[in-house]
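A, B, C and D label the chains in the order they appear, each numbered from 1.
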Amino acid sequence: MSAFISVLLFGMTRDLTGHSSVLVPIHEPTRVGDLLSQLHQDYPALAGLRTLLVAVNGEYAEVDQEIGPTDEIALIPPVSGG
Amino acid sequence: MSAFISVLLFGMTRDLTGHSSVLVPIHEPTRVGDLLSQLHQDYPALAGLRTLLVAVNGEYAEVDQEIGPTDEIALIPPVSGG
Amino acid sequence: MIAITVDPIDVAAALKSIELEQAGAIDLFLGVVRNSTQARSVNRLEYEAYDRMAVSEMEKIANEAHQRWPILRYTIIHRKGTLQIGEIAILIGVATAHRGDAFVACRYIIDTIKQTVPIWKKEVFMDGEEWVNALFGLS
Amino acid sequence: MIAITVDPIDVAAALKSIELEQAGAIDLFLGVVRNSTQARSVNRLEYEAYDRMAVSEMEKIANEAHQRWPILRYTIIHRKGTLQIGEIAILIGVATAHRGDAFVACRYIIDTIKQTVPIWKKEVFMDGEEWVNALFGLS
(Lines give C-alpha, C1' and ligand atoms only; values in the text may rest on other atoms or scores of the structure.)
Protein backbone atom coordinates (compact mmCIF):
# COMPACT_ATOMS: atom_id res chain seq x y z
CA MET A 1 0.00 0.00 0.00
CA SER A 2 1.28 3.42 -0.95
CA ALA A 3 1.15 6.44 1.40
CA PHE A 4 2.94 9.57 2.51
CA ILE A 5 4.73 10.18 5.77
CA SER A 6 5.25 13.73 7.00
CA VAL A 7 8.69 14.35 8.48
CA LEU A 8 9.53 17.36 10.67
CA LEU A 9 12.93 18.96 10.10
CA PHE A 10 14.85 21.12 12.55
CA GLY A 11 18.10 23.04 12.67
CA MET A 12 20.68 21.86 10.20
CA THR A 13 18.35 19.32 8.57
CA ARG A 14 16.01 22.15 7.67
CA ASP A 15 18.88 24.15 6.20
CA LEU A 16 20.18 21.14 4.22
CA THR A 17 16.78 20.30 2.75
CA GLY A 18 15.37 23.79 2.50
CA HIS A 19 12.14 22.64 4.18
CA SER A 20 10.75 22.55 7.71
CA SER A 21 8.80 19.42 6.85
CA VAL A 22 8.67 17.05 3.91
CA LEU A 23 6.16 14.46 2.70
CA VAL A 24 7.91 11.21 1.92
CA PRO A 25 6.18 8.56 -0.24
CA ILE A 26 6.38 5.12 1.36
CA HIS A 27 5.19 1.58 0.71
CA GLU A 28 3.64 0.11 3.84
CA PRO A 29 4.80 -1.56 5.91
CA THR A 30 7.89 0.60 6.26
CA ARG A 31 10.57 1.11 8.89
CA VAL A 32 12.64 3.99 10.21
CA GLY A 33 15.63 2.68 8.27
CA ASP A 34 13.68 2.71 4.99
CA LEU A 35 12.64 6.30 5.57
CA LEU A 36 16.24 7.33 6.31
CA SER A 37 17.42 5.65 3.07
CA GLN A 38 14.78 7.48 1.09
CA LEU A 39 15.68 10.82 2.68
CA HIS A 40 19.39 10.32 2.09
CA GLN A 41 18.63 9.55 -1.54
CA ASP A 42 16.52 12.69 -1.95
CA TYR A 43 18.87 14.92 0.07
CA PRO A 44 22.46 13.66 -0.26
CA ALA A 45 23.70 16.60 1.84
CA LEU A 46 22.27 14.84 4.94
CA ALA A 47 25.37 12.63 4.79
CA GLY A 48 27.41 15.56 6.10
CA LEU A 49 25.69 15.43 9.51
CA ARG A 50 27.71 14.03 12.38
CA THR A 51 24.66 12.05 13.46
CA LEU A 52 21.07 11.78 12.29
CA LEU A 53 18.47 10.18 14.53
CA VAL A 54 14.76 9.73 14.04
CA ALA A 55 12.04 10.41 16.59
CA VAL A 56 8.67 8.68 16.32
CA ASN A 57 5.87 10.32 18.28
CA GLY A 58 8.39 12.23 20.37
CA GLU A 59 10.62 9.27 21.24
CA TYR A 60 13.99 8.29 19.83
CA ALA A 61 13.44 5.30 17.54
CA GLU A 62 15.58 2.40 16.32
CA VAL A 63 16.02 1.81 12.58
CA ASP A 64 13.87 -1.33 12.64
CA GLN A 65 10.83 0.38 14.18
CA GLU A 66 7.74 0.21 11.95
CA ILE A 67 6.11 3.52 11.09
CA GLY A 68 3.03 4.67 9.30
CA PRO A 69 1.24 7.81 8.07
CA THR A 70 -0.34 8.54 11.47
CA ASP A 71 2.98 8.69 13.33
CA GLU A 72 4.67 12.01 14.07
CA ILE A 73 8.15 11.62 12.60
CA ALA A 74 11.05 14.04 13.13
CA LEU A 75 14.67 14.05 12.08
CA ILE A 76 17.04 14.82 14.94
CA PRO A 77 20.42 16.20 13.85
CA PRO A 78 23.15 16.60 16.53
CA VAL A 79 21.56 18.44 19.47
CA SER A 80 23.20 21.49 21.01
CA GLY A 81 20.91 22.76 23.74
CA GLY A 82 21.93 24.19 27.07
CA MET B 1 57.99 41.56 82.02
CA SER B 2 54.35 41.24 83.03
CA ALA B 3 51.45 42.28 80.78
CA PHE B 4 47.92 41.46 79.72
CA ILE B 5 46.75 40.04 76.45
CA SER B 6 43.17 40.56 75.33
CA VAL B 7 41.57 37.48 73.78
CA LEU B 8 38.42 37.57 71.66
CA LEU B 9 35.94 34.75 72.22
CA PHE B 10 33.28 33.58 69.77
CA GLY B 11 30.53 30.99 69.63
CA MET B 12 30.98 28.12 72.03
CA THR B 13 34.12 29.60 73.63
CA ARG B 14 32.07 32.61 74.65
CA ASP B 15 29.38 30.36 76.12
CA LEU B 16 31.94 28.22 77.98
CA THR B 17 33.74 31.19 79.51
CA GLY B 18 30.80 33.52 79.90
CA HIS B 19 32.75 36.34 78.23
CA SER B 20 33.14 37.76 74.74
CA SER B 21 36.71 38.74 75.56
CA VAL B 22 39.10 38.10 78.44
CA LEU B 23 42.31 39.77 79.61
CA VAL B 24 44.97 37.13 80.25
CA PRO B 25 48.04 37.98 82.37
CA ILE B 26 51.26 36.88 80.62
CA HIS B 27 54.99 37.03 81.21
CA GLU B 28 56.76 38.24 78.08
CA PRO B 29 57.96 36.73 75.91
CA THR B 30 55.06 34.38 75.56
CA ARG B 31 53.78 32.02 72.89
CA VAL B 32 50.40 30.87 71.63
CA GLY B 33 50.86 27.57 73.47
CA ASP B 34 51.47 29.34 76.78
CA LEU B 35 48.29 31.36 76.33
CA LEU B 36 46.28 28.23 75.57
CA SER B 37 47.63 26.51 78.70
CA GLN B 38 46.66 29.49 80.82
CA LEU B 39 43.16 29.61 79.31
CA HIS B 40 42.62 25.88 79.79
CA GLN B 41 43.65 26.29 83.42
CA ASP B 42 41.24 29.18 83.97
CA TYR B 43 38.40 27.60 81.97
CA PRO B 44 38.61 23.79 82.16
CA ALA B 45 35.39 23.50 80.14
CA LEU B 46 37.39 24.46 77.02
CA ALA B 47 38.66 20.87 77.03
CA GLY B 48 35.25 19.78 75.78
CA LEU B 49 35.78 21.48 72.40
CA ARG B 50 36.50 19.24 69.43
CA THR B 51 39.22 21.66 68.36
CA LEU B 52 40.51 24.99 69.61
CA LEU B 53 42.73 27.11 67.37
CA VAL B 54 44.20 30.55 67.94
CA ALA B 55 44.24 33.43 65.48
CA VAL B 56 46.86 36.17 65.77
CA ASN B 57 46.01 39.38 63.92
CA GLY B 58 43.43 37.57 61.85
CA GLU B 59 45.62 34.61 60.81
CA TYR B 60 45.65 31.06 62.13
CA ALA B 61 48.74 30.70 64.34
CA GLU B 62 50.97 27.78 65.38
CA VAL B 63 51.48 27.09 69.09
CA ASP B 64 55.10 28.28 68.99
CA GLN B 65 54.27 31.72 67.58
CA GLU B 66 55.34 34.58 69.89
CA ILE B 67 52.63 37.03 70.88
CA GLY B 68 52.44 40.27 72.80
CA PRO B 69 49.94 42.81 74.16
CA THR B 70 49.60 44.64 70.84
CA ASP B 71 48.48 41.55 68.89
CA GLU B 72 44.81 40.85 68.21
CA ILE B 73 44.24 37.36 69.57
CA ALA B 74 41.11 35.27 69.06
CA LEU B 75 40.11 31.77 70.03
CA ILE B 76 38.65 29.79 67.13
CA PRO B 77 36.42 26.89 68.20
CA PRO B 78 35.21 24.48 65.47
CA VAL B 79 33.83 26.61 62.64
CA SER B 80 30.40 25.93 61.15
CA GLY B 81 29.76 28.57 58.52
CA GLY B 82 28.02 28.10 55.23
CA MET C 1 8.81 22.40 36.72
CA ILE C 2 10.10 21.97 33.20
CA ALA C 3 9.51 24.62 30.58
CA ILE C 4 10.61 25.89 27.21
CA THR C 5 9.99 29.59 26.80
CA VAL C 6 10.67 32.44 24.42
CA ASP C 7 10.68 34.95 27.27
CA PRO C 8 13.73 35.96 29.30
CA ILE C 9 14.28 33.55 32.19
CA ASP C 10 13.31 35.03 35.56
CA VAL C 11 15.93 33.74 38.01
CA ALA C 12 14.17 35.03 41.12
CA ALA C 13 10.90 33.33 40.14
CA ALA C 14 12.72 30.08 39.33
CA LEU C 15 14.44 30.17 42.71
CA LYS C 16 11.16 30.83 44.48
CA SER C 17 9.59 27.83 42.76
CA ILE C 18 12.07 25.39 44.34
CA GLU C 19 12.35 26.83 47.84
CA LEU C 20 10.98 24.75 50.68
CA GLU C 21 11.54 24.29 54.39
CA GLN C 22 13.41 21.00 54.07
CA ALA C 23 16.02 22.40 51.67
CA GLY C 24 19.48 23.10 53.04
CA ALA C 25 21.14 23.57 49.67
CA ILE C 26 20.15 24.95 46.30
CA ASP C 27 22.35 24.81 43.24
CA LEU C 28 21.37 27.03 40.35
CA PHE C 29 23.15 26.55 37.06
CA LEU C 30 22.83 29.17 34.36
CA GLY C 31 23.94 28.62 30.80
CA VAL C 32 24.67 32.04 29.35
CA VAL C 33 25.31 33.30 25.82
CA ARG C 34 28.96 34.29 25.68
CA ASN C 35 30.58 36.62 23.22
CA SER C 36 32.95 34.19 21.57
CA THR C 37 33.47 30.57 20.67
CA GLN C 38 36.87 29.24 19.71
CA ALA C 39 38.16 32.80 19.37
CA ARG C 40 35.42 33.71 16.90
CA SER C 41 33.23 36.65 17.88
CA VAL C 42 29.55 35.78 18.35
CA ASN C 43 26.78 38.30 17.65
CA ARG C 44 23.84 36.32 18.95
CA LEU C 45 22.48 32.80 19.24
CA GLU C 46 19.33 31.32 17.83
CA TYR C 47 17.80 28.39 19.64
CA GLU C 48 15.25 26.09 18.09
CA ALA C 49 13.41 23.30 19.89
CA TYR C 50 11.24 20.34 19.04
CA ASP C 51 9.15 21.46 21.97
CA ARG C 52 7.03 18.42 22.66
CA MET C 53 9.94 16.00 22.59
CA ALA C 54 12.35 18.40 24.32
CA VAL C 55 10.02 18.64 27.30
CA SER C 56 9.53 14.89 27.49
CA GLU C 57 13.28 14.23 27.21
CA MET C 58 13.92 16.74 30.01
CA GLU C 59 11.28 14.95 32.09
CA LYS C 60 13.14 11.69 31.58
CA ILE C 61 16.36 13.30 32.73
CA ALA C 62 14.69 14.81 35.78
CA ASN C 63 13.12 11.45 36.66
CA GLU C 64 16.46 9.71 36.36
CA ALA C 65 18.08 12.38 38.58
CA HIS C 66 15.27 11.94 41.10
CA GLN C 67 15.97 8.23 41.29
CA ARG C 68 19.70 8.73 41.76
CA TRP C 69 19.73 11.59 44.28
CA PRO C 70 17.36 12.80 47.02
CA ILE C 71 16.10 15.85 45.16
CA LEU C 72 13.43 17.83 47.01
CA ARG C 73 12.49 20.18 44.18
CA TYR C 74 13.89 21.10 40.80
CA THR C 75 13.25 23.35 37.88
CA ILE C 76 14.54 23.29 34.31
CA ILE C 77 13.80 26.21 32.03
CA HIS C 78 15.21 26.38 28.51
CA ARG C 79 14.77 29.47 26.41
CA LYS C 80 14.43 29.42 22.64
CA GLY C 81 14.40 32.04 19.89
CA THR C 82 17.01 34.76 19.47
CA LEU C 83 19.30 35.37 22.44
CA GLN C 84 21.78 38.19 22.83
CA ILE C 85 25.17 38.04 24.53
CA GLY C 86 24.75 37.75 28.31
CA GLU C 87 21.24 36.33 28.19
CA ILE C 88 20.39 33.12 30.00
CA ALA C 89 19.71 30.19 27.68
CA ILE C 90 19.04 27.62 30.38
CA LEU C 91 18.43 27.58 34.10
CA ILE C 92 18.59 24.44 36.18
CA GLY C 93 17.77 24.62 39.86
CA VAL C 94 17.99 21.75 42.33
CA ALA C 95 17.03 21.88 46.01
CA THR C 96 18.26 19.15 48.36
CA ALA C 97 18.82 18.68 52.07
CA HIS C 98 22.59 18.48 51.65
CA ARG C 99 24.85 20.31 49.24
CA GLY C 100 26.67 17.41 47.60
CA ASP C 101 23.46 16.09 46.07
CA ALA C 102 22.50 19.51 44.70
CA PHE C 103 25.80 19.96 42.88
CA VAL C 104 25.95 16.45 41.46
CA ALA C 105 22.31 16.33 40.35
CA CYS C 106 22.50 19.77 38.74
CA ARG C 107 25.64 18.79 36.87
CA TYR C 108 24.07 15.53 35.72
CA ILE C 109 21.00 17.34 34.42
CA ILE C 110 22.87 19.90 32.34
CA ASP C 111 25.35 17.34 30.98
CA THR C 112 22.56 15.00 29.92
CA ILE C 113 20.42 17.75 28.44
CA LYS C 114 23.28 18.61 26.13
CA GLN C 115 23.41 15.01 24.94
CA THR C 116 19.80 14.04 24.42
CA VAL C 117 17.34 16.95 24.33
CA PRO C 118 16.23 18.03 20.83
CA ILE C 119 17.21 21.68 21.01
CA TRP C 120 19.55 23.25 18.48
CA LYS C 121 21.73 26.30 18.70
CA LYS C 122 22.88 28.41 15.78
CA GLU C 123 25.78 30.76 16.32
CA VAL C 124 25.47 33.95 14.33
CA PHE C 125 28.82 35.61 13.60
CA MET C 126 29.69 38.85 11.85
CA ASP C 127 30.43 36.87 8.70
CA GLY C 128 28.10 33.90 8.74
CA GLU C 129 26.25 31.45 10.91
CA GLU C 130 26.57 27.85 11.96
CA TRP C 131 24.45 25.19 13.66
CA VAL C 132 26.65 24.13 16.55
CA ASN C 133 28.36 20.79 16.14
CA ALA C 134 26.00 19.66 13.37
CA LEU C 135 28.32 18.78 10.48
CA PHE C 136 31.47 16.76 10.10
CA GLY C 137 34.49 18.96 9.57
CA LEU C 138 33.06 22.06 11.19
CA SER C 139 34.07 23.16 14.65
CA MET D 1 33.17 40.48 45.82
CA ILE D 2 33.30 39.02 49.30
CA ALA D 3 31.00 40.23 52.03
CA ILE D 4 29.54 39.43 55.40
CA THR D 5 26.17 41.03 55.93
CA VAL D 6 23.30 41.10 58.40
CA ASP D 7 20.83 41.88 55.62
CA PRO D 8 18.96 39.30 53.56
CA ILE D 9 21.05 38.18 50.58
CA ASP D 10 19.82 39.62 47.28
CA VAL D 11 20.27 36.83 44.74
CA ALA D 12 19.46 38.97 41.71
CA ALA D 13 22.02 41.60 42.72
CA ALA D 14 24.64 38.93 43.39
CA LEU D 15 24.01 37.42 39.97
CA LYS D 16 24.24 40.80 38.30
CA SER D 17 27.61 41.41 39.96
CA ILE D 18 29.21 38.42 38.25
CA GLU D 19 27.66 38.65 34.79
CA LEU D 20 29.99 39.48 31.92
CA GLU D 21 30.18 38.94 28.18
CA GLN D 22 32.82 36.22 28.34
CA ALA D 23 30.82 34.01 30.73
CA GLY D 24 29.14 30.94 29.30
CA ALA D 25 28.31 29.36 32.65
CA ILE D 26 27.34 30.59 36.08
CA ASP D 27 26.93 28.35 39.07
CA LEU D 28 25.13 29.81 42.06
CA PHE D 29 25.18 27.86 45.29
CA LEU D 30 22.80 28.82 48.09
CA GLY D 31 23.11 27.49 51.61
CA VAL D 32 19.66 27.70 53.13
CA VAL D 33 18.36 27.32 56.70
CA ARG D 34 16.41 24.09 56.77
CA ASN D 35 13.77 23.11 59.25
CA SER D 36 15.47 20.10 60.79
CA THR D 37 18.82 18.58 61.57
CA GLN D 38 19.18 14.92 62.40
CA ALA D 39 15.41 14.67 62.82
CA ARG D 40 15.35 17.46 65.38
CA SER D 41 13.11 20.41 64.55
CA VAL D 42 14.97 23.72 64.13
CA ASN D 43 13.32 27.06 64.98
CA ARG D 44 16.01 29.37 63.66
CA LEU D 45 19.77 29.71 63.30
CA GLU D 46 22.11 32.29 64.75
CA TYR D 47 25.30 32.99 62.86
CA GLU D 48 28.25 34.76 64.39
CA ALA D 49 31.42 35.79 62.56
CA TYR D 50 34.88 37.03 63.37
CA ASP D 51 34.32 39.44 60.53
CA ARG D 52 37.82 40.65 59.77
CA MET D 53 39.32 37.19 59.72
CA ALA D 54 36.32 35.60 58.02
CA VAL D 55 36.66 37.98 55.09
CA SER D 56 40.41 37.42 54.79
CA GLU D 57 39.99 33.63 54.97
CA MET D 58 37.33 33.79 52.25
CA GLU D 59 39.73 35.89 50.17
CA LYS D 60 42.37 33.19 50.52
CA ILE D 61 39.88 30.57 49.36
CA ALA D 62 38.84 32.69 46.40
CA ASN D 63 42.48 33.30 45.45
CA GLU D 64 43.23 29.60 45.61
CA ALA D 65 40.17 28.86 43.45
CA HIS D 66 41.31 31.51 40.97
CA GLN D 67 44.66 29.79 40.65
CA ARG D 68 43.14 26.39 40.12
CA TRP D 69 40.32 27.23 37.70
CA PRO D 70 39.76 29.90 35.04
CA ILE D 71 37.23 31.93 37.02
CA LEU D 72 36.04 35.08 35.29
CA ARG D 73 34.10 36.56 38.22
CA TYR D 74 32.91 35.36 41.58
CA THR D 75 31.00 36.52 44.60
CA ILE D 76 30.77 35.15 48.12
CA ILE D 77 28.21 36.61 50.52
CA HIS D 78 27.74 35.19 54.00
CA ARG D 79 24.96 36.39 56.20
CA LYS D 80 25.19 36.61 59.99
CA GLY D 81 22.75 37.27 62.82
CA THR D 82 19.42 35.53 63.27
CA LEU D 83 18.13 33.58 60.27
CA GLN D 84 14.71 32.01 59.90
CA ILE D 85 13.87 28.76 58.11
CA GLY D 86 14.18 29.19 54.36
CA GLU D 87 16.52 32.16 54.51
CA ILE D 88 19.79 32.13 52.61
CA ALA D 89 22.86 31.89 54.85
CA ILE D 90 25.45 31.91 52.09
CA LEU D 91 25.57 32.60 48.39
CA ILE D 92 28.49 31.63 46.20
CA GLY D 93 28.47 32.60 42.55
CA VAL D 94 31.10 31.65 40.00
CA ALA D 95 31.16 32.72 36.36
CA THR D 96 33.38 30.86 33.89
CA ALA D 97 33.59 30.32 30.15
CA HIS D 98 32.76 26.60 30.48
CA ARG D 99 30.42 24.88 32.88
CA GLY D 100 32.73 22.28 34.40
CA ASP D 101 34.93 24.94 35.96
CA ALA D 102 31.95 26.79 37.44
CA PHE D 103 30.63 23.68 39.21
CA VAL D 104 34.00 22.53 40.51
CA ALA D 105 35.16 25.94 41.70
CA CYS D 106 31.84 26.66 43.41
CA ARG D 107 31.94 23.32 45.19
CA TYR D 108 35.55 23.88 46.26
CA ILE D 109 34.69 27.30 47.69
CA ILE D 110 31.74 26.14 49.81
CA ASP D 111 33.54 23.01 51.02
CA THR D 112 36.60 25.00 52.07
CA ILE D 113 34.59 27.78 53.68
CA LYS D 114 33.01 25.20 55.95
CA GLN D 115 36.46 24.04 57.03
CA THR D 116 38.42 27.24 57.61
CA VAL D 117 36.32 30.38 57.83
CA PRO D 118 35.64 31.65 61.40
CA ILE D 119 31.88 31.73 61.31
CA TRP D 120 29.77 29.86 63.81
CA LYS D 121 26.23 28.61 63.63
CA LYS D 122 23.96 28.00 66.61
CA GLU D 123 20.88 25.89 66.07
CA VAL D 124 17.95 27.01 68.18
CA PHE D 125 15.45 24.23 68.88
CA MET D 126 12.12 24.25 70.69
CA ASP D 127 13.88 22.91 73.77
CA GLY D 128 17.38 24.32 73.70
CA GLU D 129 20.20 25.45 71.49
CA GLU D 130 23.55 24.17 70.31
CA TRP D 131 26.66 25.53 68.57
CA VAL D 132 26.99 23.20 65.62
CA ASN D 133 29.75 20.64 65.87
CA ALA D 134 31.55 22.48 68.66
CA LEU D 135 31.78 19.93 71.46
CA PHE D 136 32.84 16.31 71.72
CA GLY D 137 29.91 14.02 72.24
CA LEU D 138 27.31 16.30 70.73
CA SER D 139 25.92 15.75 67.27
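In this section, contacts are C-beta pairs under 8 Å (C-beta built on N, C-alpha and C of every residue); 3 or more make two chains touch, one makes a residue touch a chain.
What you see is a predicted model, and the numbers here were worked out from it, not measured in a lab.
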### Query
After chain C is dropped from the contact network, which chains belong to the same connected group?
A | B, D
#### Entry: Whole-Å gap between the CA centroids of chain B and chain D
26
### Message
Measuring centre to centre with CA averages, how many angstrom lie between chain A and chain B?
### Response
74
### Query
What whole-Å value do you get for the distance between chain B and chain C if each is reduced to the mean of its CA atoms?
49
### Query
Which chain C residues sit where two or more other chains touch them?
31, 110
### Message
Show me, using the given definition of touch, all chain pairs that touch one another.
### Response
A-C, B-D, C-D
### Sites on chain C touched by chain A in the complex
31, 47-50, 52-54, 56, 78, 89-90, 110, 113-122, 131-137
### Query
Once bound in the complex, which stretches of chain A touch chain C?
8, 10-12, 15, 48-50, 55, 58-60, 74, 76-82
#### Entry: For the chain C and chain D complex, residues of the former touching the latter
11-12, 15, 19-36, 85-86, 95, 97, 99, 102-103, 106-107, 110
